[in-house]
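What follows is a group of structures, each given as structure tokens.
Next, two complexes with chain A in common: one pairs it with chain B, the other with chain C.
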Partner chain A sequence: MLAMAVAAPFVLSEYWIKAILIPTIIFGLSALGLNIVSGYAGLISMGQAAFMALGAFSAVIAYGRFGVPVPLAILLGGTVAALVGVVVGTPSLRIKGLYLMVATLASQFIIIWALQRVPWTGSGSFATLNTPPVRIAGFDFSTPTAKYYLVLVVVALMTLFGWNLVRSRIGRAWMALREHDIAASIMGVSMLRYKLLAFLVSSFYAGVAGSLVVFGWTGAASVQEYELDVSIKILGMIIIGGLGSVLGSFLGAAFILLLPILIAVAMQRVAALTGGGTVSVDILANAEHVVFGALILFFLIREPQGLAKLWFGLASWVDRRTGTFKATKGGGK
Partner chain B sequence: MGELIFGIELLITGMLIGLMYSMVALGFVLIYKASSVFNFAQGAMTLFAALTVVGLIPHVGLLWALLIAAVVMCVVAVGAERIVFRPLMGSSQLTIFMGTVGFASILEGASQIMWGTKPRGLQLGIPSEPLKLGEVFVSKPDLISAAIAGLLVIAIVLFFKRTRIGLGLRAIADDPAAAAVVGIPLRRVWAVAWALAGMIAIASGVLWGSRIGVHFGMSLIALKALPVLIIGGIDSVAGVIVAGLIIGAAEALGEGYIGTYIGGGVQDVMAYVVALLFLMFRPAGLFGQTAIQRL
Partner chain C sequence: MKKAGMWCKAAWAGVAAVAVAAPFAVNAQQYKGEILHPMMVTRTGPFATASTGVTAGQQDYYTLVNMAGGIDGYKIVWEECEFEYKVPRALECYERYKGKWKMVYPNSTPAIFALAERVTKDEVLAINLAGGRSDSSDGETFPYLAPVIANFWAQATSTIAYIGQLEGGMDKLKGKKIAYIHLDNDYGRQPFPMFDELAKKYGFEWKSWALSWPALEQSAAWVDIARRYRADYAVGWLYGQSCAVPYTEIAKVGYPMNKYIGSLWCGTEDDVGPAGPLAKDTVTANFHGVGKDFPVIKEIEAKVYKAGKGNAEPARVGSVAYNRGVITGIIIVEAMRNGLKAKGAPLDGKKVRDGYRMIKLDDARLKQLGATGLMPNLVFSEKYHGGMDSQLFQKWDGTKFTTISKWIPPDQAMVQAKIDESAKAFREQTKAAPAK
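Here is the complex of A and B:
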């Protein structure tokens, strides 16, 4: 898959890279973060988009205003988000379920509000900050392909890290907490440490994803792009992609980002067939809502392991057919 | 003196609005008490109900619009219980919560496809001039809305305490399996709870709609009921009412006193700030019971 990702720019047009590929891997990274906290550690978070916003704004302010080099700015974006994430995560030690959901929801609203209102961010009434041209060590990242590789390198590194993390002692501790936190803590898994760690890692991923949005995709940090509906979309990505699956995070992101395009194409076709004119933007947007919700329910009820399971099923079927005996379990990334 | 009156006015307005938050929050409490489901879709149901009422008024008038909307909400609520939540029964709270997120998305999309995305006004024919009590002005629409909300809240409390179904709801909340064993019809009671939540959605949709207009932002208003839940404790009806008053007052006072320094918008987050403070220092809320868990 990595090979496919590296080769992609040679095959696909610039539009695909900019509009589909880059956002897919960025949101995939953010979804992976959410998957760590929700899918592995079993804690719910409705604030993933706000943590992305924190990362985006920290990174662009560090790079644009203080001249911090881009790689460090990306790290900083992640770190700021992670620190706030830990603070938000503290209630998770004593309470769970919906209380935690409300805590993260509250942070979603408060963070976005603060980014708009605090004058120091300098984002003004539109709450948007543009980044100066992105340069690392004299090399200019302005073409979509260059940006794509920048994003890809960061995402690949962090995915590898995350993939190893969830299979490590820490990952197993998270899963133990997910299954039954009190039982796990009796068996010696420190609730304090691992729950906070899950929040820390998750919001770090979101922060890095947010700074990649700025440096590798839109070139600006803008509050409107991180409202509550984005948090819900990211939640949808991990449900559809597969809870507790690294691969699923990316599959889900790709699926959710392609969905509006699929719906638009499908509905225009239907409209053309039935002789109607073009379908209005409003209807398309709302149809997307309906399909999105229906998909979430479908996957929750029918296939809780999401697209990831379908993917592995397909892979093993192909292997059987072609007669190669590669191990597919846990393979692919 | 003027300063004091300003403060009192803010406080009263805030508490009147707070009662309306309590009403929205009761929708959550109902479902939660009946089935331990945290219904994220309550906001979307409110939007759906309000849009249905507003859409019907030009055709059949207010009264019929309310009645038809009531039937529609019953169908939606019972249908949701049947095709969405029954298959998910027994899975983890997290999963069911995610289910309600999906359901909310469907409702929001469907209601706006049916009735359009334009914000609409809603006139209930309540006189809008303020009422003067001594030196203090109180808005009449707010007062009437709060009165209706208060009546509904009392009605629901009585329903819980006095009727068979209400009793069943409380039994199920306590222990669904045991309730089923002694012959309480789980499904019927659940269906009633969902339908009641639908009625609350209509009431809150119409009252809020007459205040701020009917539009997409309404589902966000309903989300503001969540802090109310946190502060009151999700399983406590009395707590929710008190918490609604607290949140309403905090919002109005925050906007009135702090808002002028940082350019307004304080009321958008005040509720969440108060809720976060509660979560850090008193997670069970004012009246909620601290859950004791067994392995």
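Here is the complex of A and C:
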């Protein structure tokens, strides 16, 4: 899969790179972060978009105003988000479930509010900061291909790290907390340490994703792009993709981001086949939402454990039929 | 691309209605060629109400131009890309039609911010009438962005000037209290610096009531404004469905309806209509004439709609949102025409941008276009991308708007100073040298 991702710019057009692949893997990374705290550690968080905003603004301020090199700025974006994430995560020690959701929901509003209000951010009355041209060690990252590789390298490294992390001692501790936190803590898993660590890692991923939005995708940090509905969408990504699955985070991101576009384009093509003008444009535009909603329902009923489960099911079916893909045995990714 | 004539409301009910296609008349007119003009549209979601009117107004104007032989013999054909007023979808639309754009008009301030970098690199002008970045009036710092008419800062100063007029002079504003109720985003927050400076200059007091999107719950704010703060005037900066909310709240708390002044984005029938007679006497700003009493609108009715080629329900023709669409259409066609004349076919984004900078809509030209009184005079240049315009104020009589003021100009010096300051900050943040 990695080989495919690396080869993509040679095969696909600029449209696919800039409009499809880059946003999908950026949001996939953010969804992976949320999956760590929600899917693995079992703590619902509704502030993922706000953490992305924190990362985006920290990175663009660091790079644009203070000239911090881009890789460090990305790291800094993640770090700032992670530190705030730990603070936001503290209520998780006392409350869980819906109550925790409301507490993290508050963080979404407070962070966005602060980014608009604190004059130091310089976001001003536009609540937006643009980045200077992205350069790393003298190399210009202005072409879509260069941006894509920048995003891909960061996302691939962090995915690898995340994948190993959830299979480590820490990951097992998180899952123990998810299943029954009191039982886990009696057996010696420190609630304080691991719950806060989950929030730390999760918001770090969001922060990095946010800074990638700036450097790799839109070129600007803008408060409007991180409203509550984005947090809900990211939550939707991991639910549809599969809670507690690394691959599912990316599949879910692709589903939520790309399917509406696919439906819209497909319907436009079909409508054009009939000569155009037979179906009003308003019906076409609204039908997209109906079809998308129906597909979400279909997939959740068909496979409540998410797309990742479907994917592995498909892989093992192919495996049984052909005897190839031995590597997927034992769960794989 | 041929468009069906019917705009079908029944779609909302999920009725699979099939609109009757406009008769595919054999095209007697011969065109020299076609100009493909992709359009970003919002037909779904909370902002669709006004946005569909703006889209239809543009398309009807293009149809009218095509029926008269096109732009110098070139036919305008358009394709729609639905983006739901959402930023990621707007970026996707932009990439889908990349290289085909002549001028980008998303009718969404957040989308303009996100598109800014790309359009500048690809040399396509992105416009947002009476919106977008206020400082993009500075065409040198923002060579591919334009607010076209009445940027937010001009709007804010003009609205305060109107209040001054009601009071009988700007000096009478001293000691007055103005409540500012607004969406808490880059649209609602842009007037802040202007209010601050005006308050200092004229000695009035103002306070912000920020509402987070979609701002459908406003009762606490209005109680506060009417009973505790006891504002002399309330100015609203809302959008879409939230525009209709204040009227019930104002009636409930007994605040005088004529002291509430909405921004021009709350000035369409779709915004105030739901409140109907309840909103009687309320005032909103506007940047253009209302109604059908303009030659160009009448011509559209007589030619386009008679031939069954209209893109809106006939009843929407002449509504505020619709007229905005026609104005947008006039500006875009004018830019294309100038671009064709100066640089020749085939058109691309840069040629249309150059054409935009040559726009000179003076009294004579507006008369030719049949748009006298519909829109203000507009003259653009390389340095000036529009935005320093006056506003009209209109009163709601329960069923329709009537214009009740003359053109009220903005505080030019103050707005210009802010544009310069903000453009400078932008250049420093992005370290971009002023483009030549």
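Going forward, the second predicted complex is superposed on the first by the 285 of 333 C-alpha atoms of A that agree within 3 Å, B and C clash if a C-alpha of one lies under 4 Å from a C-alpha of the other, contacts with A are read in each partner's own complex, and residues count from 1 in each chain.
The rule we apply is simple: a residue touches a chain if its C-beta (ideal position, glycine included) is under 8 Å from a C-beta of that chain, and two chains touch if they have at least 3 such contacts.
Keep in mind it's a predicted model, so treat the numbers as computed, not measured.
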Inset, instruction - Considering only touches as defined above, state whether A:L297 meets chain B (first), chain C (second), both or neither. - result: first
Inset, instruction - Go through the superposed model and pick first if A:S249 touches only chain B, second if only chain C, both, or neither. - result: neither
Inset, instruction - For A:Q224, select first, second, both or neither according to whether it touches chain B, chain C, the two together, or no partner. - result: second
Inset, instruction - Using the superposition on chain A described above, determine whether A:I261 touches chain B (first), chain C (second), both, or neither. - result: second
Inset, instruction - Identify the partner contact of A:H289: answer first if only chain B is touched, second if only chain C is, both if each is, neither if none is. - result: both
Inset, instruction - Would you check which partner chain A:F109 touches, where first means chain B only, second means chain C only, and both and neither mean what they say? - result: both
Inset, instruction - Quick one: classify A:S211 as touching chain B (first), chain C (second), both or neither. - result: neither
Inset, instruction - State which residues of chain A lie in both footprints, the one left by chain B and the one left by chain C. - result: 109, 113, 116, 282-283, 286, 288-290
Legend entry - In the complex, chain A residues that touch chain B: 38, 42, 44, 90-91, 94-95, 97-99, 101-103, 105-107, 109-110, 113, 116-117, 180, 182-183, 186, 228, 232, 235-236, 239, 282-283, 286-297, 300-301, 304
Inset, instruction - Under the touch definition given earlier, write down the residues of chain B that touch chain A in their complex. - result: 38, 84, 87-88, 91-95, 97-99, 101-110, 112-113, 116-117, 220, 223, 226-227, 229-230, 234, 262-263, 265, 268-269, 272-273, 275-276, 279-280, 283, 293, 295
Legend entry - In the complex, chain C residues that touch chain A: 1-4, 6-8, 11-12, 14, 16-19, 21-22, 41, 43-44, 52, 80, 82, 87-89, 91-92, 94-96, 98, 110, 113-114, 116-118, 121, 133-134, 184-186, 189-193, 212-213, 422, 425-426, 429-432
Legend entry - Interface residues, chain A side, partner chain C - complex: 14-15, 18-20, 23, 64-65, 109, 113, 116, 122, 124-133, 142, 217-220, 222-225, 227, 257, 260-261, 264-265, 272, 275-286, 288-290
